[in-house]
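In what follows, subunit A forms one complex with subunit B and a second complex with subunit C.
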Partner chain A sequence: MNRVAFRCLHGLVIAVLAGLAYLLARAVLALDPDGRGLSDTVTSAMPESGVLHPLTAVLLNFRGYDTLLEIAVLLVAVLAVWSLEPPAAPCSRVLQEPAHRNPVLLVGLGVMVPMIAMTAGYFVWVGAYRPGGAFQGGALLGAIGVMLASTGVLPPSIRRTIRLRLATTIGFAVFLLVALLTSLWSGTLLTYPKAWAGLIILAIETALALSIGVSLALLFMAAADRATVHREDAP
Partner chain B sequence: MNTTEWFGIAAALLIGLGLFGVITHPMLLRKILAFNLVGTGVFLLFGVIARRGAAAGIDGDPVPHAFVITGIVVAFSASALAVTMALKLKSDTGESTFPDDPPADAPDPAAPPRP
Partner chain C sequence: MNGWALGPETGLVGFPAVGAVVLAIAAARGRRLVVGLTVAATLAAFVLTLARVLSIGAYEQDIGGWGAPLGIGWRIDGFAVLMLGLSVVVGAVVSIYSLAYFGEDPGDRRRALFFWPLWLFLWSALHGLFLSRDLFNWYVTLELSGLAAVALIALSGRADALTGSLRYLLLALAASLLYLLGVVVLYSATGTLDLAQVASRMTPGPVALAAVLLITTGLVVKAALFPAHFWLPSAHASAPSPVSAVLSALVVKGGFYILARTMTGLWPAASADGVLLVLGWLGGAAVLWGSLLAIRQQRLKLVIAYSTVAQLGYLFIAFPFWMDGVGEQAASRAWAGAAYQAVSHGLAKAALFLAAGVLIHARGRDDLDALRGLGAHLPVTATAMALAGISLMGIPPGAGFLPKWMLMTAALQEGRIIPIMVLMAGGLLAVGYLFRIFRRLLAADDVALDHAPPRTMEIAALVLGILSVIAGLSSLPILSLLSIGAPEGMNAYLEGVP
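What follows is the complex of A and B.
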């Protein structure tokens, strides 16, 4: 392809995408600023949800089906990453030294990891009546995994023990079990009995947070492991 | 123009810029980054859409908010999978770039292929 044709094609792509961005902006600006979306529907259904925060009610109750599929996607991503055979040799030369050589790092981790874990637990619990919930808590748990992996405290190629596999799948498993039980009991998928809704949501969120945290950390570690030269015998 | 509308315009720009990167950059890592830019634009767009629900006396329409919260986690896992596959490609073939048709400053087609 010669230079002129390449330039023309480039210009065409820019023109089309500028048009797309313009249309999108026009569409956003054309929205009714006083529109209420689904807020009223959610607000009126809140007493049946078992929680006090509308976001958690939507995620775990009203649109629980979406969240069930979402955690399934996360599990599939972990399985897909695991199913790629391990790297024969690292792809780039990022040197990693174990943390036990650096006392400042170890003390910092010793302070931060418990604090982050506590905050994650708080987020899961507070999701019932404030912003928070399984995804925020899970993301924090994942951050712990990223910290431990990138400082070399966790082994670079983590062994896929049965406990690790259980932690990865428990969110999806608990959610699926609830879906099965509710569909047997009430005939519809994920329609919780009103009296139990709060407890069911807390149970699902706890399992979800654990699985999301472990999955995010595992995804990070799988990618990092491929790009890292591990130096265990550094001076 | 209020703040929410500016955020909407920014979202549209991010989506356009991100798609431009996905289409034009031959490097896989750049494509992944550009795709994340598209995702960020979509999340921002959902935030703008959710903001309209504030009229009902809560922070915003919770349904688009919920989509964004699950979407961020899915976007992260998809990116991690994409990066892992790009690294796998790199370790198997030594390449992390699509073979592109370089513009005219490249050698003529009869020349031997680049090493």
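What follows is the complex of A and C.
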């Protein structure tokens, strides 16, 4: 693209965005400040949702189909990163010497990793009646992956074995299976039998937390790996 | 449940997703079997969905059984089924083509490992998009299809493909966020995300205007309407050929589809006539600008990609006919013409890109002069290109003729001269850029093939070429399908179709 065309386009983009910002500001001022959206509808449907926390009810039940697709987005992101990498990507090591030569670090890890894992499990469980759930639990599991990778406990290269691929996909797979089975049951996706809703949601959340954790850790390692390579390239 | 235990449309989203998961886990093992089963099951789900719509008319599905506004809803009407049909047919043919396209050399094997799960996720997301009537769910399907498309473009690993896909990623993200912002404004104002409910609760004013403009701007970038088309040629031309076919035939139609749905649903309440008029002008500009640039390109896939920019313009020429004060006949003609054009362009463009893949495989490069004399060696592929070309130029019996004719008669009814001139000029310019390909392809030069392309690839391209003529000959079934559950005010012309 030549310079003049680029300048014109640049100016056009700025003009359009400025116009949109102005209109948005006018719209926000005109909105009803006491608007409650759907919170009343959600509250009145809570008894049928199988859980006690409205966020979990919306994410896993009322609008569970959106969440199903969002998990697919995360899975596609991992596949996209893998497709751009060599088959067994070297795993970055932030520390120069591996943890097994550093007793303090090793003991620290030995205490922290089980604690974080337990907290992750707690978050998944507590999501039914308090803020928490698969995404929070998964984020903690991902943090374990980040710790193990950056202390050199994980091997220098991660092979995409079938076990790793299973762990990455199991969240989406379980969710999809539930969606299809419930559609056999009721004719539409994700219509849970009322009595079983709570249990089904817990099962989905557990599988989701595992996959989210593995995916986040893998994405971190891919990004950290690039950063390391870049640093080594620098003079 | 209207006597049907299982909604067949569920399979359109479900089966490709199952295939994607299986191939993501199992890698190369049993790939042919899994792909074959997925394609067969998805085709079957489509046939059942079509049968259901034909027997009971337009119907709706509440996912999770909650119903709007709490849950997400699907609406299965003629327009949705037509777009689903396009996606299912093109997707099935592209899948079979891709089994041969990703051959046995190590680089190809590696690419195939990721092509299949990514493509099947994209297929599933597109079906989700065409089924939905929920504004936020559309955002999610746009994200899923967009991200999968980005990864598929980058698959070849070449520098131009990485540039093209990164540019597409950044623009698609910005566009999605603009769209999402518009949806947030609508939700704050109306307390629902269901399209029909939002439409019934909207009143004209600053809120409606801001939402309409945010959503339109976002979707215009997604649909690559001039002047937001600049990401398209590099992305579509640098992707592997089956991916180019899917991107041009289906993915850009997603943005158009949501825009057409929201237009006919929301716009009356927003009274945004100015927006419709601007979209029409941009569509006209896209036809001329895209065609002119297509004529100037030196690489085969860039010619085809710029032709997509031009052909997408036709879809938007229909929009000003939905303004206040336009006769119902003209509005309805333009609406049906745009939907028909989306299908005919999809079939023809997919055929063209698949054929281009065959020619590039045979030659190992994609500049136009490499095509000289290939027609004699690859008559099947040359035929596929000719059939697709007939449709794109708008010559009967190609499927591209009738949509343009419908737009022209709509313009005549309203006494508008400019759309007619643009439509005619567009057809002429299409002849210009397509004959640059045909002239070389059918030249009498005596050349030898570098590689003999797999027969499956040639036949797949031909099947789509033939279908783009069949879609032109079967205008009555297509128009009567469109009339099932057509949006309010868009049925005047279709009612006259037997």
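Definition applied: the second predicted complex is superposed on the first by the 183 of 235 C-alpha atoms of A that agree within 3 Å, B and C clash if a C-alpha of one lies under 4 Å from a C-alpha of the other, contacts with A are read in each partner's own complex, and residues count from 1 in each chain.
One rule holds in what follows: a contact is a pair of C-beta atoms (placed from the backbone, for glycine too) under 8 Å apart; a residue touches a chain by one contact, two chains touch by 3 or more.
A quick note: this is a predicted structure, and the numbers were derived from the prediction, not measured.
When the two structures are aligned on the shared chain, A:Val107 is found in touch with neither subunit B nor subunit C. Of the two partner chains placed by superposition, A:Ala15 touches none, neither subunit B nor subunit C.
In the superposed model, A:Met118 makes contact with neither subunit B nor subunit C. Within the superposed three-chain model, A:Leu199 lies out of touch with both subunit B and subunit C [touch as defined at top]. By the touch criterion stated above, A:Leu166 is placed in contact with subunit C alone, subunit B being left untouched. In the superposition on chain A, A:Gly64 makes contact with subunit C only, while subunit B stays out of contact range. Touch criterion met: A:Leu31 reaches subunit B and subunit C at once.
When the two structures are aligned on the shared chain, A:Ser183 is found in touch with subunit C, with no touch to subunit B.
By the document's definition of touching, both partners, subunit B and subunit C, reach A:Ala77.
Shared contact residues of subunit A with subunit B and subunit C: 1, 20, 24, 28-29, 31-32, 35-38, 42, 62-63, 66, 70, 73, 77, 80, 84, 87. Every residue of subunit B that touches subunit A in the complex is listed here, in rising order: 2, 4-5, 8-9, 11-13, 15-17, 19-20, 23-24, 45, 48-50, 52-67, 69-70, 72-74, 76-78, 80-81, 83-85, 87-88, 90-91, 101, 103-105.
Those residues of subunit A that touch subunit B in the shared complex are 1-4, 6-7, 10, 13-14, 17-18, 20-22, 24-25, 28-29, 31-40, 42-43, 54-55, 57-59, 62-63, 66-67, 70, 73-74, 77-78, 80-81, 84, 87-91, 131, 133, 135-136, 138-139, 212, 215-216, 219-220, 222-223, 226-227. On the side of subunit A, the complex with subunit C involves touching residues 1, 9, 12, 16, 19-20, 23-24, 26-32, 35-38, 41-42, 45, 61-66, 69-70, 72-73, 75-77, 79-80, 82-84, 87, 162, 165-166, 168-169, 172-173, 176, 179-180, 183-184, 186-192.
Within the complex formed with subunit A, the subunit C residues making contact are 1, 4-7, 10, 13-14, 17-18, 21, 24-27, 61-66, 69-72, 110-111, 113-114, 117-118, 121, 124-125, 128, 136-137, 140-141, 143-144, 147-148, 150-151, 154-155, 157, 178, 181, 185, 187-189, 191-192, 205-207, 209-211, 213-214, 217, 227, 230.
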